[in-house]
Amino acid sequence: MYICVVQGKCVSTIKNKKLSGLSLVTVQKLKKSGKAADDIFVAVDVIGCSIGEVVLVTTGQNAKHGLETQDLPVDAVIVGIVDHHDKELK
Amino acid sequence: MYICVVQGKCVSTIKNKKLSGLSLVTVQKLKKSGKAADDIFVAVDVIGCSIGEVVLVTTGQNAKHGLETQDLPVDAVIVGIVDHHDKELK
Amino acid sequence: MYICVVQGKCVSTIKNKKLSGLSLVTVQKLKKSGKAADDIFVAVDVIGCSIGEVVLVTTGQNAKHGLETQDLPVDAVIVGIVDHHDKELK
Amino acid sequence: MYICVVQGKCVSTIKNKKLSGLSLVTVQKLKKSGKAADDIFVAVDVIGCSIGEVVLVTTGQNAKHGLETQDLPVDAVIVGIVDHHDKELK
Amino acid sequence: MYICVVQGKCVSTIKNKKLSGLSLVTVQKLKKSGKAADDIFVAVDVIGCSIGEVVLVTTGQNAKHGLETQDLPVDAVIVGIVDHHDKELK
């Protein structure tokens, strides 16, 4: 899973029916330094995150287990809010 | 899912029979800056996108859930048209 | 799916029995510029491609749907020959 | 599988119920040089690793086979502690 | 599949029971130039490779089809020894 920061909303009106009602947010992976990586991607938010919040994102096929319905065309789901994480060996 | 911009068509006459009738388009991921990444890949368009349109692309095994038939040799499907997305924390 | 150029053969005598009789070719992804990327990988060719031909390659688990048998240890399959593709917005 | 070094804990209070009771740790891949890569990710620890320990991490869908329950939204699991590994041809 | 060179052994005493008896080796992808990439990863060797040998590695979920048992937490399996492969268009 990746530690990401929530950047904002991804609004899509014309979309696959299976995605209706899902909250889509843009996220960026956090690097070891704590800075966000250059890439941005979209994850389904079933937790109700705020912008700027640090979250745990599961990607790939197993992401579906973070949703109630499992036959959705989704490859990234937010599965938790990160309270604290260690970045480097102390 | 990735936010991508549609670049154009990918025309293939000799292809796997299961791909017959599917619209294949070339897409590029958008970076945080809003610029397109260097890489280009091909996604199935079941929505009917225009060139230059910003779309949401699901990749990997779960992409199949964006299609009506699920046993296709496809690893990327356009699942929505992006109206607006936040790129950076405000 | 990725747009790749076929570089040549990958010959393997000692291999998993399930791969017997499959044609293995080395391919390289094409970048937006039309140049080949530095990386090289191996795909199963069930179409009968020529060296230098531009092809469409499906990767990951769904690649198996491009084969007749689906329980093969294969993660990349050529699913079409590309006649033409748009590389950049016009 | 990747050879990674355990960096520390990833603490999440608000999370998917299926993740309850799982130990989440931050890990970094080791490069050929033995140095840790820049990226950091989160894996489930079912072995009980210590910080600084070198471990073997399975990623992607098959990671689930390293857990007792297989329908979890998890894409990386620690499957072993590495005693020794060869980094370069001798 | 990737063309890799076998670097050596990966020894793990404390590991998931499902991995018992499997030979784990460290491998590196070969680039177009024939040089090994910087990254190193671990694959299951069911063929009996020697150090320095050039092998074909299947990754991801389908790697399991290269093993006799399919519910193992494994994401990379050696499926063949490469006798010869073409690296560039002639």
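Lettered A, B, C, D and E in written order, each chain numbered from 1.
Rule of thumb we're sticking to: contacts are C-beta pairs under 8 Å (C-beta built on N, C-alpha and C of every residue); 3 or more make two chains touch, one makes a residue touch a chain.
Treat the numbers as computed from the prediction; the structure is a model and nothing was measured.
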Interface sides of chain D and chain E: same vs different residues, half threshold: different
Computed distance of Cα centres, chain E from chain A, in Å: 31
Multi-chain contact sites of chain D, meaning residues that touch two or more partners: 60-61, 63-64
Traversal of the chain ring from chain D via chain E: D, E, C, B, A
Chain B - residues contacting chain A, complex: 1-3, 29-33, 46-47, 56, 58-66, 77, 79-90
In the complex, chain B residues that touch chain C: 5, 7-16, 18-19, 24, 26, 28, 36, 38-43, 51-52, 60-61, 63-64, 71-76
